[in-house]
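In what follows, chain A forms one complex with chain B and a second complex with chain C.
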Partner chain A sequence: MEFAEKIKHFLDWLLGPVTFFLFSVIGFGAMIAFRGWWTRTPVALSLFGLSVVVFLLSMTDAQFRVIIEKPDNIPIVIMLCSIGFLLWLAFRKMAINDGLIEQGLPTIEARESKKRVMCWPDLIYSEFLIAILVTIALLWWAIEIKAPLEEPANPAVTPNPSKAPWYFLGLQEMLVYYDPWLAGVVFPTLIIGGLQAIPYIDMNTKGNGYFTFKERPFAITVYLFGFIVLWVLLIMLGTFLRGPNWSFFGFFEYWDIHKLTSLNNVNLSEYFWNTWLGMPLPENIFLRELPGFAVVIFYFAALPPILANTVFKRFFIECGFIRYNVMANLFLFMAALPIKMALRWLFNLKYIVGIPEWFFNI
Partner chain B sequence: MASTTPPTRTANAQLTRRSFLESVSTGWFIFTAACIAGLSATARFFFPNDLFEPPTRFKIGLPENYAPNSVDENWKAKYRIWVVRDGEKIVILNATCTHLGCTPNWLLTEGKFKCPCHGSGFYRDGINFEGPAPRPLERFKLSLAADGQIEVDKSRKYQKELGQWNDPDSFLKIS
Partner chain C sequence: MALFKNLTETQIWKSIFRHKYPDNTRDQALAVLSNVFLHLHPIKVRKSGVRMSFTWCMGGVTFFLFLVETITGILLMFYFRPVVEYAFNDMKDLREVTPMGIMRELHRWGAHLMVITVWLHMLRVFLTGSYKPPREFNWNVGVILLVLTLLLSFTGYLLPWDQLAIWAVTVGTNMARATPLLGHEGPGAALLTLGDIPIITAGSDVRFGLLGGTVVGPATLMRFYVLHCVFIPMIAGVLMAVHFWRVRKDGGISGPL
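Showing the complex of A and B:
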């Protein structure tokens, strides 16, 4: 029992904000780097079996069961499982196809597209069967698991913790780090607009209609980082790891409303003038926020040309000036979220530019 | 027998230029009238007969009822305010988080207000110190009424970042 408690404590530590995000990023890199190894069926099955065993052992923990069995959270468990499966499927095909392309052989999809199946019975039959199974499952779900209804809304009482619908938990997590006008308006607009802009930015004609990683490493890595790390994992973080008072709690940690976390947040202006220069904050707002403006302007104005001359050199030549700048700015906006999260967690940095007088904070 | 052939479309139509214009104008008139009626009904919807709004000016009892160095939560459900008293000063805090408008909770043991939505934290005087809230909680106007009770006026608010907390109406000195 002692040993189990130690493992739980270790896992809770692993699920702290900094470690969780750090290991998510490391795991993401490992998923891409070792795609040829972990997608092989015996390895993938072992990993799956291991996670099932860990899950079942965790279900013996009362706190874990409370979080997992919440009616709100069951779809998220299902979603995580299906995303794991789809990632495996895609990476498996990528790994196989990359090998086939290297040998000059046709890809899986090129071979499969020559095959034909009958609409009846092959397609309709399986569709019909799946429709029946899904109907049964949904009926069972609707009858067995009750909808989490609460008392009538009251403006004086906010449930603690107050969580957005599960698909918005990534946005809610963004709102912890950025001002509402950024995290609630600018970033969602850029996410939608940026996704729509991908076909116009992407100059790579390869990878059309078949899975491949080696032919589009940048596109797949950036997209999956945004989707898996910055969306799915943030939903998971918001669902399972955020408890009362929006504090972090590990899977096995009791949701203590009095959990103490020191979060004395400091603006960049206070760091710059008070801590580094040992001066009081200047009266003039622009002078006070000068370091923050300098950082933001450097980030969005100076970084694209610097990147164009270094790591993105090839993109800049391929894409041309306008297309490259759209791409680089979208990329920088996406990178701004994990950067700010890390700054908040490591240095308690609140706002880079903080002008509460005008509701303008970055 | 040629006269008994079924009437064709042109033979059936009594539609002259005049009657066409008449029916079109009638139809257009009815459509416009319906639109105006619908829009006025929508506009009327914005002015309900009864508003369930708590009064903005109300009395909250004698200053002596509030213990020194305490946060009083008794009016939170009704008026969404906290009555905060330190040594000799009483202030009224607006129980609305300055981040996105949730209602924070007063945590007595920690001595802070904590918002359940994104984790913003405020000291007892309303100053933000943790989480994303960009500015301190707002304060409301308060004064002593003729009967010795504290009277709160929620229509006037005082924001620290605008330097309004020095306004003598934003706090009540107790001798």
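Showing the complex of A and C:
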């Protein structure tokens, strides 16, 4: 028992917003890089067994159970399990298909795609069966677990923490790094717009209708990074690891309202004028924020052409001017989140451009 | 068996089903063709496309959950009054005394599940490259369905009118304050003035329009109720029809050519 407590303390100490994100990114990289290895059935089964053991052991901890067993958090556990399973399925097929393609053989799907089967019974039966299974699962869930109902609404009593519904907690987590106008309005709009743009900017005609990684490594890596790391794992972070005052709490840590996290963040303008030039901040807002504007303009106006001549050269040639620029800008917007996170953690950077007078903070 | 045979010979049965038992190609085709619910399916489908390991059946499950939500939702509407004075107590009754109060559980867990299955469906569509031509448009219909699914879930979250509900919605809709130009705490809103009078204030910005007030209150409850029960499901329903039709018109479930 002593030993178990020690491990829990160690894990709580190890985990913070920074390490959580770092581990996520490293895990993500490993998932892509070693896909040939971990998708093999014995390895995948061992990994699965290991996570079940860790999960069950964690369930012996009261604090862990409190968070996991909150009725509205159960879907997240279901989601994490199904994503794990389906990623395994997809990556396994990718690995197999990539091998087949290399040898010049038809993919798993291609072997069967010419053949047509009758919709009744081949499709209808599956649909019907799934419908029954889903019904049973849902009924069981509904019988086992009551839908939550808390105290009657009271505008005078703000719960701490106040959380959005779980599926928006990734966005709420972004609020730590960006102001609401970006995290709550501009980024969601760009996520939707960016998703809609995907079919029109992905000029790679390969990999249509079958699983493959090697034929479209960039598209799959970027999409999965967005979905797994920036969406799902941030939801997990926001739900399980953010407590009162949006402070970070380890999996086994008690949600203490008085936990203090010192926030002493500095704007780029203060760095530039005070620290580097040893001057007071200029009165004129534009002059004050000049370095910030320079950085932002460089990022969105100068980086795309630079990338087009270097790492994205192939895309620029494939896509043409307009498509390329849409793609590059969406890509840069997506990268802006991890970049700002890193800047915050490394330099306590608050705003790159900070004009609170106009609510214009980046 | 004899009874069944006799039953299928009756005029009533024959008036409903215009085909024989579907154990041969002709009657199997007719079973799909002559049924309004099944006829969105093609008669024949790609063998690779009916594999569960290919589609994960996630689009199908999402649609099924949408139907579950519709049915349980309508039953809930018989009991629930979207008025601040009653809403919470109606929920409490559903939980404790109302017969078939389990509809609320089915509705809530079904909604959570639907959010998950939409994401998984989208993941599958992406990983199989099924958004590529000729399916670009259907991917776009899908993205709108995704947004509508999230909005359905979000508007429904408010209806129990408990602490969880109003504060989650308060946190969510607080974002709208910061909408550029249109939110009273958004960049650029201060530029919109008539002479000296600001146009965008806490009493006139997008958040006010969304909530029907400056805070989540009675008007918000009614607004979200109507959005949740009528407006969004209607649009989502129409778009689903478009979505399924296009799956078929774009050549069925994708597969290597």
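Note that the second predicted complex is superposed on the first by the 338 of 362 C-alpha atoms of A that agree within 3 Å, B and C clash if a C-alpha of one lies under 4 Å from a C-alpha of the other, contacts with A are read in each partner's own complex, and residues count from 1 in each chain.
By our rule, contacts are C-beta pairs under 8 Å (C-beta built on N, C-alpha and C of every residue); 3 or more make two chains touch, one makes a residue touch a chain.
Keep in mind that this is a model prediction, so the values were computed, not measured.
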Inset, instruction - Quick one: on chain A, after the overlay, do chain B and chain C clash, or do they fit? Just give me the call. - result: fit
Inset, instruction - Could you say whether A:354 touches chain B, chain C, both of them, or neither, answering first, second, both or neither? - result: first
Inset, instruction - Please work out whether A:192 is in contact with chain B alone, chain C alone, both, or neither, and reply first, second, both or neither. - result: second
Inset, instruction - Figure out whether A:134 sits in contact with chain B (first) or chain C (second), or with both, or with neither. - result: second
Inset, instruction - Once the structures are superposed on A, label A:177 by its partner contacts, choosing first (chain B), second (chain C), both or neither. - result: first
Inset, instruction - Between chain B and chain C, point out the one touching more chain A residues. - result: C
Legend entry - chain B versus chain C as contact partner of A:109, first or second or both or neither: second
Inset, instruction - Check the residue A:246 against both partner chains and state whether it touches chain B (first), chain C (second), both, or neither. - result: first
Legend entry - Which of chain B and chain C A:155 touches, first, second, both or neither: both
Inset, instruction - Please work out whether A:340 is in contact with chain B alone, chain C alone, both, or neither, and reply first, second, both or neither. - result: neither
Legend entry - Three-chain overlay, vertex chain A: chain B-chain C angle, C-alpha, nearest 10 degrees: 60
Legend entry - Which of chain B and chain C A:35 touches, first, second, both or neither: neither
Legend entry - Overlay on shared chain A, then closest C-alpha pair between chain B and chain C (Å): 5
Legend entry - Shared contact residues on chain A - chain B and chain C: 154-155, 157-159, 162, 172, 179-180, 184, 359
Legend entry - Footprint of chain A on chain B - complex, ascending: 76-78, 80, 95, 99-100, 102-105, 107, 109-110, 114-119, 121, 129-132, 134-135, 161-162
Legend entry - Touching residues on chain A, where the partner in the complex is chain C: 72, 75, 78-79, 82-83, 86, 89-90, 93-94, 106-113, 115-124, 126-127, 130-131, 134-135, 138-139, 141-143, 145-155, 157-159, 162-168, 171-172, 179-181, 183-186, 192, 195-196, 198-200, 202, 204-212, 216, 220, 223, 227, 358-360
Inset, instruction - Report the residues of chain C in contact with chain A in the complex, numbered from low to high. - result: 22, 25, 28-29, 31-32, 38, 41-54, 56-57, 60-61, 64-65, 68, 84, 88, 91-92, 95, 102, 104-106, 108-110, 112-113, 115-116, 119-120, 123-124, 126-133, 135-136, 139-140, 143, 146-147, 150, 153-154, 157, 160-168, 170-172, 174-180, 183, 185-190, 215-217, 254-257
Legend entry - Complex contacts: residues of chain A adjacent to chain B: 154-162, 172, 175-180, 184, 244-247, 257-258, 260, 263-265, 350-351, 354, 356-357, 359, 361
